[in-house]
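The two complexes that follow have subunit A in common; it is paired with subunit B in the first and with subunit C in the second.
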Partner chain A sequence: MTMNNQGRPTSVENSGNSTRSGYPSYTGSRGLSQVEGLIYEIGDTSRTGVDFPEVEDFENRLGGMERTEEIGLAGLTEPEAMRHYTRLSRKNYAIDLGLYPLGSCTMKHNPRLNEKVVRLPGLSDIHPLQPISTTQGALDLIDTLAHWLKTLTGMPAVAMSPKAGAHGELCGLMTIRAALEAKGNPRSIVLAPESAHGTNPATATLCGYTVKPIPATKDGRVDLEAMKEALGPDVAAIMVTNPNTCGLFEREIIEIADAVHEIGGYFYCDGANFNAIVGKVRPGDLGVDAMHINLHKTFSTPHGGGGPGAGPVVLSEALAPYAPIPYVVAGDEEFELIEHDKSGKSFGRMTAFHGQMGMFVRALAYMMSHGADGLAKVAEDSVLNANYILASLKDVMSASFNGPCMHEALFDDRFLKDTGVSTLDFSKAMIDEGYHPMTMYFPLVVHGAMLIEPTESESKLSVDQFIGMMRHLVAAAKAGEKERFSGAPYNAPLRRLDETAAARNPVLRWTKPDQ
Partner chain B sequence: MTIYYSEDHEWIEVEGKTGTVGITDYAQNALGDIVFVELPEVGEDFAKGDEVAVVESVKAASEIYCPVGGEITAVNEELEDNAALVNTSPDGDGWFFKIEIADESELESLMDAAGYKEFIAGLE
Partner chain C sequence: MRYLPLSSDDRAEMLAKIGVKDIDDLFIDVPNHALLKGLVDLPLHMTEMEVEQNFAAFSDRNISAGSVPFFVGAGAYRHHVPAAVDYQIQRGEFLTAYTPYQPEISQGTLQALYEFQTQVAQITGMDVANASMYDGSTAAGEAALMARRITRKNKAIVSGNLHPQYIDVIKSATKYTEDVIVVSETTVNRAENLLELVDDDTNCVIVQYPDFFGNINDYSALADALHEKNKLLVIITTEIVALGAIKSPGEMGADIVVGEGQSIGNGLNYGGPYVGLFATKQKYVRQLPGRLCGQTTDADGKRGFVLTLSTREQHIRREKATSNICTNAGLCTLAFTIHMTLLGEAGYRQLAKINHAAAVKLASKLSKVKGVELLNDTFFNEFTVRLNKNAADVVEALVEQDIIAGLPVSRLYPDNKDLANDLLIAVTETTSEDDMDILVGELSEVLK
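Our next item is the complex of A and B:
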């Protein structure tokens, strides 16, 4: 027999989970955690990834306007450029790396089937300026997606072009304003509850309205009586998120809708949290006039640095005529793209083309692979996961509302009282445990908020690990391990950043150090 | 010279017809590190309760409401370069603006130092 006698040891004393050695490395890297400079620090003008032929004699026709100084762009070889971005990407957190509990963000898994479908050449290699006779399949897809959105929400119309949730809000409020202007008076006030997403008052202000906040009741919902008192002939609309940002269903939503309709105003529903009710509740049945749907939340398209958003807005019969152009219409023979509004009612155009096609494909792939029954299950599982977290943590953390909750669980910082640990410190310690922190200090209606949304993507094993990690950190905080929190993160590529200095003295461009 | 306090955590120091307005220590502490202050223009008129300035901290942007109505006679230009003064000296160098008080009876709805102390104790 042949013996392998070369002496390579195959077991070591400290195998398995490594603890860090006390030896500082020459490079500053720690194994697979490699240090990486800014591209301007590692690149220079002597290298390049492309090989251009020398410029031969040419006639300069710039008339003295040519640049005489060096541009100073960083030059890198192709492998250097590859490694730079790959190394940076490895310092980042992503939904493909772990649970992403950001409340109200619905950071769910982006199914690989979506990605497979969107890469089909017939969908990925088309251009919005092609003759529409050659893009009938794409228009059919937009029309089918619109049909699903209208069916799931019970609304008669949808504007597909808005490109994000906040853009959808803007579309909704511009539609409402156009409808009120058509009646002769755009009005001046928009009501928004205190727990509203910050984009709600921002949108209303951008549309020229004054925002009047509506207080919350003790159980975290819109105060119906206070809302009724704020209503008047100047109120254009109310903007309500349902389920709201406390993770609670607004039980009096129909009364809210009726009250605002009575004074001739409109009901804008922020659909950011639609994931909790998709397939279960149709907003059209609740009296909603306009609602954006974040395809990048409820319908699983990538976001948070992974891709652009998409925020189609469903509209009631009363608002439909004022929707933006363009829109797709199924004609007798073929699909048409309506680019000009002949009625003169549409408020105009929000985007150059018809919207975020790549997201439409992914969202429709998600819907059709789940089916209507599967989407209802999505809502059930997302609510179940959130309640499991609420029930598993409320004996050691302080739940702001007793529950049951919808798709997200809200805690506040009462459980950290007298520990010297803040919500921010606690969140930073989660980074050391390999998790992205939850949404913190929002909503504003509770002190030191921690808003946890696991989504339906997580298995029981994954949620149990998260709960175990949270209970471990709570125990450490209560045991007085203050430094573990106040100095965190210890294990991240960079330690705690000085947010105040960054805001007071932002350094927005790199300057070449003096040589 | 008397100092009054509002429920929105502004203080106003009154001397004759002129009031100097800032935010309280409690407010600066709750807001966190302040990075930007947007001040009104000298000569602008505000009614009691109007949004008169905006403070931006690392956490959030918050409106400052006018504790009494009147015309702005001066603003603290130091804050443009050094918003941190609001944190380090909320009731001194970190003042926001001076206002010519239109109706002194509006001061009556504000609190005195003892009243404000009691008010914030109730918020804890």
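Our next item is the complex of A and C:
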């Protein structure tokens, strides 16, 4: 063995099996993969990471309602808390760590400039109910973002307040219902394709509508003839995602719009996949009456482990009067914030205050950074990356539909036939290769769906590595390496988790062991 | 373009592999006339520095709360957030992760959610909490819908002392369902008799605690009376710091508790994003809206966490889901739980005490000002005063003196003339005694 002068070995001969030491770990940790307990196991109710001044005695005004029982909150000092959350963070996959091919989720790079500007005190430290004369810059910003959204979609109006995509859907459909009621009949049915996001039917139900599914054609699009047959005087609207959840552009989108308009209904477009066409196609030119835009997808506001989102809804001239309050009006001298409906037409209010300002700031910074030219490139590169993946994998995996696709490529599990490997197994094996799996088992219209959305944020090198990894796994599956898949993941912080047990006997909080 | 890694050579090579000549060949499914031939009419791309300059200009035209004596609350509160919170939520592993649908590589987010759910359940005094909602107001709407699902009755009685925008959100959330919302009369500082509005069709009574005007009411008797009639009590707290000082809604017998969690870990942000808290009793777990994180084990028997009971949710149940909600408040939830962990029980209680002490101090100073009448008998860190002048005019006059004096209640009750002179004033640990004295001094001048 090679040694330095002090006898310290400097080479790694005879270092044993490279994949696993085999020695049990005393701590449960393995190198940088560290086990971390709950705050309730490492902290206690007396410890704190915040220093406060003492308070002089005073006569309280709580009316005898003092809280006397122990709450049980565990505290940590700052070093303990930093270590706790830093250790937890390292158990997460993230865009910053690698390609995140979740179809329909648009996991693109989150520019740090946006995090910087959103923290400017004049944007972060302002109160939604402080005098409007003291927030003119904020209202200008909202109005500017509205202008960008209207211009990019070719729509005349936008409701800014919805807090997420599904909230935007609700806003759009409620606006439609209010408009129909104003005409004297809200109608009773909403049409939605089988491939729709689950939020579409759930939203329609909340608006008092019955959902009627529309089948897909063999090429993964809305069956126009079936849709026309379903249309009638009771149909309030059709909800169509475009590009759709199979990653395809609805070729007959204008015919769909015309048909629903002909019977006096409205065309709601789910804008979840707007990234594929931003700067290239304006939904307003396709006959759309309302469409929500997920700022956390197309305009890169961070997903943050599940939120917050923001879902402004662009609206046609006919629907605009029924939009929710509040909204910003650019007056001659200053911006006004309309918080009370004077026309009697608005359907109401989606949320307290004025919407997701923090997301507005980030989205506008993203838009300004890209500009009209950069945003069109975003659409082009995202579509290019997806088609490149489709072209590079279709000989070994089963593409569900003939291309080209838009910004996501859909495969199904036919290529796994007779391998004993499921879509779930395949996905978990991707984790062992250092990737987050793609969206699996959605959309519902193909068997064992794998929906891959690389986004424009990936370099060719990155996409090529992904393709190489996928081809390698396909070969392994076909070569009968079943265990590699059925037991995966082996190298994640945890092995596969028992979701059935979690649902059967829900344990949703920590409790003291003796309770 | 700094955010786009593909070079023109890359693009050409990739198009060749795909077998097309031009990028627009990939857009062939778009109806020809709808594919834009040029760019949309918006500015071209900007450098990082140019973008920063634009936002500095937006920012400079607002008066930030920290730059002046500041007294607005009404559902959003200016508290001090420890630096460690903002550092942690900007770690890429938290910031740039998606919803934890692949639990093996999302344990960071999931464990934090599990700890969050525990904290919320403890603070509200309830059995369980969900993994958060968009904000307090939308959570209030969901509470009304949940009460209907549980009782199968369709009428909710809403206190007129609930934040007016929350009332509007509840009305909108139930506008096209078969729910009936009855709002009691607003009563600034008199006790409401909500029970007399309850009838057979009622599913729940919804109250705010402390209420919109800052009053602290004991709802224990109301809870008992409602339970006797098989009705539910929903308690909403918009200033979650209050529960470090006053009895929890759970102790009073609440069935569903809704909270706005912004005060902990999150800035004012002009109204969003915030974090909705939602807690209930164990027996109603399967009627909860939104995401839930639960404990389980992995294939090696190690403890781990997953999103669970998803059969309630839209992506499985579609039109039969308990709610159409998909997103939660993710990162704001994380900020909440980190801040709460740093506080711990000792810090949380001390924070509440400091807030209350400051409010008591300002209330006592203001009570001595001619033309100011304190309307509250009880309050936590927010109270209502009646002025001898129109409150909106007074607030505008004080803006000229670089003071943001509070919320003229009329902004949210434009049609209630009785409230025209009422000013809602909030005080937190960030309010200094100097701030108070400046307010008292200038207010005395204006009210002369």
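Please note the rule applied: the second predicted complex is superposed on the first by the 460 of 515 C-alpha atoms of A that agree within 3 Å, B and C clash if a C-alpha of one lies under 4 Å from a C-alpha of the other, contacts with A are read in each partner's own complex, and residues count from 1 in each chain.
The rule is short, and it goes like this: a residue touches a chain if its C-beta (ideal position, glycine included) is under 8 Å from a C-beta of that chain, and two chains touch if they have at least 3 such contacts.
A quick note: this is a predicted structure, and the numbers were derived from the prediction, not measured.
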Inset, instruction - Tell me which partner A:503 touches in the superposition: subunit B (first), subunit C (second), both or neither. - result: both
Inset, instruction - Mind working out whether A:148 is in touch with subunit B, subunit C, both or neither, as first, second, both or neither? - result: second
Inset, instruction - For A:170, select first, second, both or neither according to whether it touches subunit B, subunit C, the two together, or no partner. - result: second
Inset, instruction - See if subunit A has more residues touched by subunit B or by subunit C, and give me that chain. - result: C
Legend entry - subunit B versus subunit C as contact partner of A:59, first or second or both or neither: second
Inset, instruction - Residue by residue on subunit A, keep only those touching subunit B in one complex and subunit C in the other, then list them. - result: 499, 503
Inset, instruction - Note which residues of subunit B are touching subunit A in the complex, please. - result: 33, 35-36, 56, 58-60, 83-84
Legend entry - Of subunit A, residues touching subunit B in the complex: 441, 444, 499-500, 503-504
